[in-house]
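For reference, the structure is listed below as structure tokens.
Chain naming follows the written order as A, B, C and D, and within any one chain the residues start at number 1.
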């Protein structure tokens, strides 16, 4: 099955995330596309709007014991435990391949403390080929008893400020959906200097094996992703779009161009495809192809016409 | 590495034993690229539920482009697959993972337990094709009972193998574990044991081989989301600490590399 | 298709929610079973552990304009807008049928202010046949700018106290999942005197029609229910079970006995079946039959052996 | 009221026109209890996606226990249903809702547009069976074009009805709207118009009937989750304010009761 070959030269699919220009709004979601090379047999990688890589920490992390994943209704739980090669090996082993792709590389970072985020940003600012940083604030702040940075506007702002101060790169802050009011966190990180926000990260969930009477994940709880969470993600993108003026990247259950464009109508200027890439490694291209068809059929001047174009009332 | 994402035609669906199904698919590209021990990820339903693909060992390939999988119905995904009919198309991803390391070892011994028998047929055929192998590999197959085992043995017998059989209930062959059968063989450090089956079986085989200094390769099963090294969901604990990934580092491992106490 | 006729005389399926004794742990979820009569052609209503009726307010409410519902991946969104006949007509028109069923009737109540909740509890305390009150605190508090009672521990406690003070009935407080830390609200209502908590109510979600570029619900946002939300519900029940000592009723995506018993392992002593009743009107009986089979096969002394029996570590 | 939840056998699936499918089901209990204008809720897939049942008008019933639905493939649920094959079983809930009020009116006029034609066949048959009706009802059917309309007319012609046809593109019958055809009839307050179709069509028919003081019943479509009055999702705005519920108060309403400006 050859990928659909859509002529897209004449179409304007460009979007910008602050200073960062993307040739189209379709990117991969962190942790669901490895370091891109895993997909080279399936995907024309140069067609992607951007590649967002698996979350990177200062030191390598082994991750959680298995089982780490479990399928749920129209979704999946994961508790990978932030397994990654660490920033040094990432820069030396993964970046050369990534920066040769001709696609903006966005590095997702995670840490246990504000200091770790700061150091990560410093290291990545020196690395050639990094186009932007995406700050995963859904991690526990060990200095604050393990409360996730992303659930507290002040902690979220502190991380954002630290990252902004230590690099010139565009900084995208990735919001957690496990909060009472996502707009408070969004506004806090906007004020702290974030160039954009991306949302949503996974909802916290759990599953139990009746037979063994044990949790399905060794870590007991995990992150819920996939089509199941799309309605929650879309609602939060819409709410955040009313609250901030920085660009928004929509994430959560996107598997088709229709899904992606719904997020754009709600106010996102770009999207990330996550869990769908597991089911269909070509999911990003599938989304892109569908978007091209839509933009052409609807005779839109540019895909940007969709952003925030939801009609209410 | 050639890997393909393809919709392939289901040529034949056979119920081999109660709840055990063999699908024959026309998948020339994947069949041509595959080596024994590799697997495919299969989409079991068109909609969003079940969402994820399911991994299945490549049971057999033919030179005319057919690929077979052999599976037991254990849940929703395998139920759907069992209902598929000839003429329908299934989306496959593969061949995936690292297959068995096929050395020069003169004395290969293949041990399959339960559905772990599936990859053993492809492996056995491979040895047949390798003319330099003087001694044909020995094949030990185990299952719960004769109803399950006998139908799965057929293909091995057809290929000319002598099969040493074991059943949990003694209804066919040796009454007991495949490891007991394995013990009766004259294994040396020149032998290689290739094994796939339930974890306790493979752990026992590993210990036996370790004690007798016999190289042993095992094909492990874990939950998988992507099958291609992207999700990191298929962690397998290593003896040296940390984890390997069943889909991209395995599913075949040197038994000695893994942590068996878990 | 005749309902499975399971002999259950000898099995102990009883559970208690404070003073309230249930013959089995399977109840209907508010808003998904009407006033029970709608199901009489399909369900042996007397077999239910309890019936929880559609949320009742002081005055009748017309509800939201259509469209009010939309199907999502393994779930559905609803924005019914709390349509109901009002407490007076509920008592005069619906209670006679309900109280003749021989099943505990739990009345779900909702209001715009603490005062409304208080008055509702007073009215229901006088009505014969009401076994317990379930307080829906996911409603907006009009006096506090429309913030939902259930998202603020203090407001949730205030409602709970008011209801407790104005009636002798067992009071179940139904928690909203749209919060950063559900245990804070659970603890607050426990301290305020709640006899039990039930959770979860719906997650807030949204869907968009690409064709019309309009929200799929006239109300723009709505409540997400069904199998899609089960992992979130199970996680919250588990968390609340670690935090409070009052009984917990598990709700969210339950469609089978396995689902129900997972909630019990996580710490629920009873469950409610919601959206599943739309797909299979006999869902409650289906859950109950499966539970009976399990209790018998596993030779449990009582279904209560499952409560909180999750094995961790 | 007799209502049933049953798994019934699919006897025949026919593609009537491009994207339009008729299913014949063996559902004696539901068929026997049904009256014209009622509907069934059908589960379209075994898994959790699509989750909810889909409502379909009862197209026809036979005295030997068969029930037909006629539908257009518009989304995931109808796609699945279109793929079902004879011998499979489908879960049905029904008969649901209130059908047409069948008065003594001598001059009945049935107007069906698009898939709104589906319930009209059952209604037309009903009038045939009623021997006391002197004048056979008039039938006006409309669709986009002849490809869609002609196959749907067949059953009405077979029953001996004269069909007044209208197509949007003029490829068959009158070139224009069914309302224009309706205008040409000699309607009086002794007539009753029974109508089902797209909302704009029913609104136009309502206004025509209102002006001429002709009683008019319409069968409306809304999104539905339960089909039995439990979810309150199927709100239909009323002229008097507030809402009725399409599934339990309808789907057939007196056109004058509804709010049409919406």
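What we mean here is this: a residue touches a chain if its C-beta (ideal position, glycine included) is under 8 Å from a C-beta of that chain, and two chains touch if they have at least 3 such contacts.
A quick note: this is a predicted structure, and the numbers were derived from the prediction, not measured.
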What's the fewest number of moves from chain B to chain C, given that each move must go to a chain touching the current one?
1
Farthest CA centroid from chain A: chain D
Chain A and chain D, separation of their C-alpha mean positions in angstrom
47
When centres are defined as mean Cα positions, the distance from chain C to chain D in whole Å is 36
If a residue has to touch 2 or more other chains to count, which residues of chain B qualify?
48-50
What positions in chain A touch 2 or more of the other chains?
73-75, 226-227
So with touch defined the way it is at the top, what topology do the chains form here? Options are line, ring, star, complete, other.
complete
Along chain B, where are the residues that touch chain A in the complex?
1-7, 43, 48-53, 91, 93, 222-226, 228-237, 241-243, 248, 262
Contacting residues of chain B [partner chain C, same complex]:
48-49
Which stretch or stretches of chain D touch chain B in the complex?
45, 47-50, 76
With touch defined as at the start, can you tell me which chain C residues reach chain D in the complex?
1, 31-34, 38-39, 41-42, 54, 62-71, 73-76, 78, 80, 83, 226-227, 255, 275, 277-282
Provide the residue numbers of chain C that touch chain B in the complex, in ascending order.
73-74
